[in-house]
Amino acid sequence: MLLQDILTFFEQKAPKATAEEWDNVGLLVDCGHTTINTVVVALDATPAALAFAKENGAQLLITHHPVIFSPLAEVTHTHPAAKALQNGISVLSLHTNLDKAAGGVNDTLAEKLGLENVTVAADGMSRIGILPTALSAADFATLCAAKLHTPVSFCGDNTVKTGAVCGGGAGDGVFAFANVADAYVTGEIKHHEWLAANESGLCAVAAGHYATENPVVKTVAAWLTDTDMTVLPFYDTAPYKGV
Amino acid sequence: MLLQDILTFFEQKAPKATAEEWDNVGLLVDCGHTTINTVVVALDATPAALAFAKENGAQLLITHHPVIFSPLAEVTHTHPAAKALQNGISVLSLHTNLDKAAGGVNDTLAEKLGLENVTVAADGMSRIGILPTALSAADFATLCAAKLHTPVSFCGDNTVKTGAVCGGGAGDGVFAFANVADAYVTGEIKHHEWLAANESGLCAVAAGHYATENPVVKTVAAWLTDTDMTVLPFYDTAPYKGV
Amino acid sequence: MLLQDILTFFEQKAPKATAEEWDNVGLLVDCGHTTINTVVVALDATPAALAFAKENGAQLLITHHPVIFSPLAEVTHTHPAAKALQNGISVLSLHTNLDKAAGGVNDTLAEKLGLENVTVAADGMSRIGILPTALSAADFATLCAAKLHTPVSFCGDNTVKTGAVCGGGAGDGVFAFANVADAYVTGEIKHHEWLAANESGLCAVAAGHYATENPVVKTVAAWLTDTDMTVLPFYDTAPYKGV
Amino acid sequence: MLLQDILTFFEQKAPKATAEEWDNVGLLVDCGHTTINTVVVALDATPAALAFAKENGAQLLITHHPVIFSPLAEVTHTHPAAKALQNGISVLSLHTNLDKAAGGVNDTLAEKLGLENVTVAADGMSRIGILPTALSAADFATLCAAKLHTPVSFCGDNTVKTGAVCGGGAGDGVFAFANVADAYVTGEIKHHEWLAANESGLCAVAAGHYATENPVVKTVAAWLTDTDMTVLPFYDTAPYKGV
Amino acid sequence: MLLQDILTFFEQKAPKATAEEWDNVGLLVDCGHTTINTVVVALDATPAALAFAKENGAQLLITHHPVIFSPLAEVTHTHPAAKALQNGISVLSLHTNLDKAAGGVNDTLAEKLGLENVTVAADGMSRIGILPTALSAADFATLCAAKLHTPVSFCGDNTVKTGAVCGGGAGDGVFAFANVADAYVTGEIKHHEWLAANESGLCAVAAGHYATENPVVKTVAAWLTDTDMTVLPFYDTAPYKGV
Amino acid sequence: MLLQDILTFFEQKAPKATAEEWDNVGLLVDCGHTTINTVVVALDATPAALAFAKENGAQLLITHHPVIFSPLAEVTHTHPAAKALQNGISVLSLHTNLDKAAGGVNDTLAEKLGLENVTVAADGMSRIGILPTALSAADFATLCAAKLHTPVSFCGDNTVKTGAVCGGGAGDGVFAFANVADAYVTGEIKHHEWLAANESGLCAVAAGHYATENPVVKTVAAWLTDTDMTVLPFYDTAPYKGV
């Protein structure tokens, strides 16, 4: 598939202009390949993901997190973008534009949790839906843990019928959804956000950055199935363990 | 004890000028009490802490987290500062100045973990010390969990002899301490910070904002023991549970 | 009357969105009262106005000048907002939105001076009208002094037929109205503004901040007459005397 | 006298570097005269002052207020700087550097009011001194009016022994001097500054921008008496009258 | 002709609002002349241009480069604007608005080089056209030198059929036109701009600021021919010579 | 030679901290080589310079102009830094720190022109010296052309005894040196800078960015002669030709 056609495809799925102003998305490493035979999809351009791409002869790595975030005043061989360049792997990063995209990060998360009648929240990024059956806050947290295969932290003792979700480090959503939903699920929640959730009676669930976003790898790989490329999803392990 | 003497005491222990520029510390709610008979010490001005202070007739509440962080363009009765004011409880907040103070948040944390030969790190806030016995990363994480009475998340498989600590949400310390210590313990670590820790081979431990900072409540209460005041430490519960 | 209905009423009369960007208006102190039985209207939340509100059991004080202007990083019991909160008096401030409102500060001022065919000036705040009879600058200044019950300062020796008005500290209007009106009346005029008025031949009149704005107290009180509330205008004295 | 020597003289008396950062002082209009035979000293480069300078064949006009304040993107013949240039009159403006200068605007004002043991206030500009005899606030205001030949406005009913002064539009001094002096005299005081003075019990006196600064004209003229120049002070009239 | 009519004429030809945000255009020196009998048109208000205007009794000088660029905090007799004011010569400057104007600086330049089918480039200022005959880069550079009567510097060895032009110091156009035109002609090109042109294979031509803009003097003078004014173009010499 | 020793050597010769705040200097491309056998020195990382480095098996390229100037939000294979990285060539750029360095860009330029008693100018970067024999401006320009092997542009008809120099695009030096030197030599001079030089009577010489800086390549190569490395200066051609 022509790289240009891949870019055009994603520009329709997750337009660059919909990314947040502070974000950095697009073809962040361009090795000059015009035709892509093998593409790897991963959450991050970790050493493991880059090695997997190299082993499989991929010309392109698609990541959710930008391989370059702060612009580089100097380029060092240990930086993921430099490694990609040296190994001839171009990198396309889809970040907040993929969070917002129809069927993207947050729609995938909502679907994993079994939410129904899912709509886009006022922030344009989060999703809100209805649980088939109302649950206690503790049972809802248990549901999240089971569906996302991860331990979770939670607060609240209310009944959860309406749930809002936003993958990643979006703990400030506890302020936005206190009067809009019964529960709010995200990856990371900070201390003062936990306090605010408690004060407002919202059930908040922190399920981990990795666990809430990694499902989108499968989604993006599926989008590319019917092309002439070999499409390889790479599921990295979570970057931490629990004790 | 005169309020003015209490302020003078803490100005020596944890001078306001040492707080970070973005911080807001000091006597943030001033009800006009000049003499303090009963003082409560807590991590936050939560509803529980304010209720405890009121029940015990305290004129002053000392908190680590600022009762006012963003300046208030309007004052609402549900805000902790308004509640304090309406209940006649002045509030003194010691935040990053207490993090940095000798014997403060981070010295208390280092001591809890059994670090020895503790020194102040280059950032002026974190502390670095030596473990009596070298441990594997997993064993060190287990030690943190035990000493702080909390589940923890960690990464790394190195041997830990030198440990750096900074209570609260200081995950960006993983960049500063990668080549300085074998392990870094803080409250909250974000996704890209976990990735960086993995990449550099640092053992990083996220032990929770609450669990890494709450020990300072006992410390501050102890500082005031030999005064003519009734000094009541208030140990709030963590704002979330695990599943 | 429900507080919410009062807010809705004023949102129609003087919408918050019409206030200047630097201004701070709205329910700046919220004690949580949902029903208001007694309301006091005053120019400022002075000690006298707050005492009057307390004596009369008012749940709400409406002021022209914001009870909080610069956001509060700390709250002290001597601050008017703290006093209001401690005495259970909510405060609604209508400032530049009331200056601009139809029938508000500046329409009231124009009416007091007897201007006719009054229109809104290009700045959206000041008003311009026609005197029934042309007057010398000195006679116009004398008229202002008589109508507003205050000594005034003035410059100019032209004939005044068209007059512009803007209550408060709006002396920079002398630049805007030099070629638009024969006279400009405001509360406070600075030295370089007087020089500019002299240079352009404009009759400028400084009638005092208090004297040019206080008439709106009666106006706002009148707006609320036909409600189920006890409505008490409070006419403070001017904050200075002359020698 | 050589212009360069005049500039050197004033650089010693009132160094440019002592002017406030926002100020614009120095030789703001330079017609190229190297030798000055006749110099006029005035508060402002008003039409009257410029006409007086021209009639007297002056090559230099010294003013307190800057003849150019906001830098000029275009030059129009009606601007005082253009008039000066067209009439061959250079203009030297000494503003906040003269306010602060020993013997300058504020020392002159303090002396006019009979203050003794005068010292420089913490702001580097105002002056603080002692009255020979304590007076009531009203009597102190009457004294100011008599010494400065102007009506004044005032507040307060305390006893005045210590007085602070700052000529011009320095009403924000009411905050700085509330606990430092019994009275504060300046030219212009705004509404919220009057309220603050009332609240703190300070006697504040607004004696007019012109009346508090014009005395310095005589002072500066006197500084130049023993030169080979004809030195002509020009006492403009106040830019407004009272009714 | 009335000055006001001249301003209206140019407001139609080259509206002030079309000038760049950083620019300063319009009647930058206004001596108060309402009727203009003699007008001089020049590239700059150099001493020679001002002397020419004075000798010819002109009341108005029209320049391309602003006689005041950075606003003046002080006015010195050696500044061109001061000289103009002292000699009673008003100055009207048309800068980036004239660059963009139909028939203005860049249309004049395109015409001088013989470009055909000239259109406005995407930047709104440059012009793009077609050469009647394709030329080698070196021959195109030679053509530019001949038509503009100046030595030129150039790079490139491509064939030039489509040419873009922008008079003055617009070397950054080499980035904009690399894939849009075969050649780009401007006045000044900096080192890194030359490198970029070389890298992209663009023929870039630096023909001098003066030589690329001076032709507009004749254009503007021609615009005013059919008025009742004496219209005198002044062709200054280039400000440097070659060795 | 160890890369670290090379960096230490240049940190002494031209410390990074002496570079201008807007500049970007240092090891801008780091391929991870710890030992350098062959180093190339060039003015710019042009395609020719990179090809030369590759052909000669260099591990390091030292350039004057930063290989990365604006930080890179994305890395493309056509960018010089990407080419260097892909070819395993680290790049060390010394820019304004080399301009200022003792014996660096500007000392080299001063020496080429035969200036004597050379001192550092007030700007810390330019150099000022004395010609052995006074020359007319035209003869001085001819001297510059001869010594730097380039055509030059110049203005002025004064006698040149004292000369100031600053390589590169430093035309704004004409303002700084008008009263300090008889002549000022730099690479690029803009139109309004030529006008200023003419007005002040300064002899200004524009000798080209390349011609005024390229001599430093030989200088830097010479600094490294006595090392164990193969040191290869690369003299690029000027990026433009004259017609």
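First chain written, first letter: the chains are A, B, C, D, E and F, and each begins at residue 1.
Methods note: a contact is a pair of C-beta atoms (placed from the backbone, for glycine too) under 8 Å apart; a residue touches a chain by one contact, two chains touch by 3 or more.
Computed from a predicted model, the values in this text were never measured in an experiment.
Participant: Quick one: how many steps at least from chain B to chain E, stepping chain to touching chain?
Facilitator: Tracing touching chains, the least step count from chain B to chain E comes to 3.
Participant: Tell me which of B-C and E-F has more C-beta pairs in contact.
Facilitator: E-F
Participant: Would you kindly say which chain has the C-alpha centre located farthest from the C-alpha centre of chain B?
Facilitator: Farthest by centroid: E.
Participant: If I list every residue number at the interface of chain C and chain D, are over half of them used by both copies, so same, or under half, so different?
Facilitator: Same; most numbers are used by both chain C and chain D.
Participant: Comparing each of B-C, C-D or A-B with A-F, which pair has over half of its contact pairs in common by residue number?
Facilitator: B-C
Participant: Once you find the CA centre of chain E and the CA centre of chain F, what distance in Å lies between them?
Facilitator: It comes to 32 Å between the two C-alpha centres.
Participant: Roughly how far is chain D from chain E, going centre to centre by Cα mean, in whole Å?
Facilitator: Computed value for the inter-centroid distance: 47 Å.
Participant: Between chain B and chain F, what is the separation of their C-alpha centroids in Å?
Facilitator: A distance of 53 Å separates the two centres.
Participant: Of all residues in chain B, which are in touch with two or more distinct other chains?
Facilitator: 78 - these are the residues of chain B that touch more than one other chain.
Participant: Based on which chains are in contact, what kind of graph results: line, ring, star, complete or other?
Facilitator: ring
Participant: In which sequence are the chains arranged about the ring, given a start at chain D and a first step to chain E?
Facilitator: Around the ring, beginning at chain D and stepping to chain E, we get D, E, F, A, B, C.
Participant: Report the residues of chain C in contact with chain D in the complex, numbered from low to high.
Facilitator: Within the complex, chain C touches chain D at residues 44, 46-47, 65, 69, 78, 138, 141-142, 144-145, 151-155, 168-169, 187-192, 194-195, 197-199, 204, 206, 209-210, 239-243.
Participant: Which stretch or stretches of chain D touch chain E in the complex?
Facilitator: 24, 26-32, 68, 70-78, 81-82, 85-86
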